[in-house]
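Letters are used for the chains, namely A, B and C, taken in the order the chains are written, and counting of residues starts over at 1 for each.
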Amino acid sequence: MHDMRFAIPRQDINREDFASSIPDFNRKSEIMKTDKGYKCIITNIVRLTEQEKLFRLRIIDTRERNIFRFRPGQFLMLELPGYGDVPISISSSNSNHEFLELCIRKAGHVTSALFSVVEGTHVAIRGPFGSAFPMDEMTGNNVLLIAGGLGIAPLRAPLFWINEHRDRFFNVHMLYGAKDPEQLLFTYQFNEWKMINHITLHTIVEHSTAGWQGKTGIITDLFNDISFDQKMTYAIVCGPPVMFKFVCSYLDKAGIPMNRMFVSLERRMHCGMGKCCRCMVGSTFTCVDGPVFDYWSVMNLKEAI
Amino acid sequence: MKKQGFTFEKLKIASFDFTCCEGCQLQLTNKESTLTDFFELLDIRTFREISSEKYDDYDIALIEGSISRQDEVERLTTIRSQAKTLIAFGTCACFGGVNSLKNKFPLKEVVAEVYPDMPVETLLVRKVSDVVKVDLSIHGCPVNKEEVERILVNLVTGSQVSLPKYPVCVECKELLNTCLFELGEICLGPITRAGCNAVCTTGKTPCLGCRGPSEEINMPAFLELIKERKLSQNDFQEKITFYNAFEAFTSYEA
Amino acid sequence: MIYKIISKAEFKKFIDALVRDNTSFGPRRVDTDCRGEKVYQFLQVASFNDIAFDYTATASSAKHFFLPFCEELSRFVFHDQDWDQHITYETNPIVLIGLRACDISAINILDDVLLNGNFPSPYYLGKRKNTFVIGMDHLPLPDCFCKSMNHHTVQTGFNIFCSDIGEEYYLAVNSSKAFNFLKEFNTRDPLDEDNCRLVARRKLISNSFLSEVDVTGLPSILDIEFDSPVWEKWGNKCLNCGTCAMVCPTCYCYAVEESFETNLKGATRQKRLYSCNLVNFAEVAGGHNFRPKNGDRLKYRYYHQHRGFAENDNQQICVGCNRCGRACLTKINPKDVINDLRMEKESCMICASPSPDRT
């Protein structure tokens, strides 16, 4: 046996290796554990519609629960071990450190599997990832919250923020459209929003059903009902891409500057960390630079909507 | 079997052979390292290759082989009415397979050649989906046991069953193989669905497309490639018709 | 950097010692193609003689030593109603021998992409730290265009870089580990004439490039030419086979798959390198594909390669090795695509001549 003196010793990685990497709000996870999720227990599942359920998650470990912070508009990767992970925007208040709420539509195979889990199941979350709505920048202005369908889910976090800091905003209008009355989500909170938080809520459905008292039409019809001072109004728009187009071009014509309209984009994501490149639009990652973009950036992202 | 808040049921499965070599079914008994775990997932109701017991209550039917006789049509129809999920298992079942070569000749000539002094009842070869509705296709001649195992695990756990949409080239390049076109051969790898782990091309045997076309193949560009490299037209025709897997594309002439 | 001169005979002893004590990889001839040209790949080697030091370029790059085509990200072990997640970043050291300057540049670019920013990849770093890289200079192939990308020389990212100056190698020693190993072999400090020979060698290499791609202002041109018919033209040739991304030294995009183990006692999360040319790269849940056409997908490959992403400061990540161009069965290659695009930009569509043939 020879002496192996030219054998290269194994070097393990350590925290110092990452000393130069940019510290960032977006990276709450331990740098050495970018793929390690926080283990959560599903404490509550509420069926909202045929297609959507609201999951309430609690991070099990106290220390992890205490360090987990996010900003309205950010998303996380929800992992159901064995089935995979999906990007889900956070629907609860960022001041709520006890639990997280995620509104999930049954769309792909992971979400389908999630629909058959029971309360008490352990799942993992990674994140939070992505950009957020600039709530501080909006302070002192009117806000238009415009949601179509499941778009209410990412919009709920900024809405909570507004409700908790209601005195910092003037008029807050919420325009919410859905396919039919059964598809309207969070109807149980409508009164609370209207009465307690003084949000002017306008709803509309594309197809009315028996018993529907409200309006029928598309979301842009609701603009006839509201007036706003375009010089001091911000808009947050969430919904299917086709809705962005119409809503944003309306707001653009109405005189709201493009950099005061914010949208949340949706793409296929595999990592959430700007590495897998699945969610890129143009030369931008939806997961790192987005999902929240101002409309000016979206216009510059070719084929974004 | 309880896992993660889920209760998994064993698959009540039955396996049937039609016009085939039974090689695909035999694959199920391959890969010894996980064989016992694999059979743990299954409640085998009928499977000639491994058990003489036969039961008619099954949820999943694996159909191996193509359909080439009237009695096969009837048997298959009965199986379809029993099975909740019918799986076309292997290239013959999915596309007709090598058996389809028979369809290139007049039926009379074929019978006279193979069974000169015997009356034989035979039909043109059809793939399973030409006769009954197919819920899931597992391609390959033979099927890849690893893939079968993964798919059956997915069925047990209720996960999505997905086949690769990309062509064999991806897997072939992962193995650092030299492209067979560079060695002057016609290989159907660029237009054939992956999942075989490029076994043939790794052994320097050109791909004959047993797993059928990958998603959205660019046939015009592929034909141009054959032409531009001055490769044999006959060789191309022979390969692309070998398993009858490119039926939808064979009207093309390179 | 410390510079040393080593005779080729002594160099052989050095390589043999390294190869003997470590898992080592180097260029080996695997085939001769139908044009009579030798085909090389980076494969495991057992001695100096296994290594084809006279190789031209390998068909596939060396990226898979850092970014395996398939890699386990984590493993879940189920017990009762709970699970544990296990992650391993550890890896055993390897020696990579014979990388070209552009190959090393490619690794440096991967370092930039994968180790900087908010989410550095520990998986990558584990492998990067445990790889001992020995570079070798070479005369370019007729279709190499790394000089255009400014990657025909490399200053960092290797342990030793060898320049062939006749009977000896001019070594650039870039790590103490390498320096310590070399102490046990017969080397000397470079003399003036050695430096002259090195400069002459570099000049020779630099002057040997036959292919040139004008990449000035390319990011802007790509932005302007988003809807150019050039993409459809080249897209029509594309087989969607993903070969270009597989052989590319810098393509790092991937897919994550998760699957239960057969015994249902565990599950693994796997990462698989994916190509933006594959049909379902931009497909979302529900089946909508953001890039349904060949041309769209091809365009994104060029966008990523030559326009870069915000993540890496819009740096071009193509190093100009032309592996994709060589491997592409339908002859889609960066030089022609970019020239075509530039022509499309600089003249109108009607008077644009067809793209030049590949040399």
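The criterion applied here is as follows: a residue touches a chain if its C-beta (ideal position, glycine included) is under 8 Å from a C-beta of that chain, and two chains touch if they have at least 3 such contacts.
It should be emphasised that the depicted structure is a prediction, and the values quoted were computed from it without experimental measurement.
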item: Pair of chains ranked first by number of touching C-beta pairs; value: A-C
item: Chain whose Cα centroid lies nearest the overall Cα centroid; value: C
item: Farthest-lying chain, centroid of Cα atoms versus that of chain A; value: B
item: Euclidean distance of C-alpha centroids - chain A vs chain C, Å; value: 36
item: Geometric centre distance via CA averages, chain B-chain A, whole Å; value: 43
item: Interface hub residues of chain C, defined as touching at least two other chains; value: 78, 81, 83, 259-260
item: Per-residue overlap in chain B, given as positions that touch at least 2 other chains; value: 3-5, 157, 159
item: Junction residues of chain A, two or more chains touched; value: 81-83, 108-109, 120-122
item: Of chain C, residues touching chain A in the complex; value: 17-18, 20-22, 73-74, 76, 78, 81-83, 85, 87, 89-93, 95, 113-123, 125-126, 129-130, 132, 177, 181, 184, 226, 252-260, 267, 269, 271, 274, 276, 281-286, 290-291, 296, 300, 303-304, 307-311, 314
item: Contacting residues of chain C [partner chain B, same complex]; value: 30-31, 33-34, 39, 41-43, 59-60, 64, 69-70, 78, 81, 83, 236-243, 246-247, 259-264, 273, 275, 278-280, 294, 327, 329-330
item: Complex contact set, residues of chain B against chain C; value: 1-5, 8, 34, 37-38, 40-41, 149-150, 153-154, 156-157, 159, 165-167, 169-170, 173-174, 176, 178-179, 181-184, 189-191, 214-218, 220-222, 224-225
item: In the complex, chain A residues that touch chain B; value: 80-83, 108-109, 112-113, 116-118, 120-122
item: Contact footprint of chain A on chain B as seen in their complex; value: 3-6, 157-160, 162
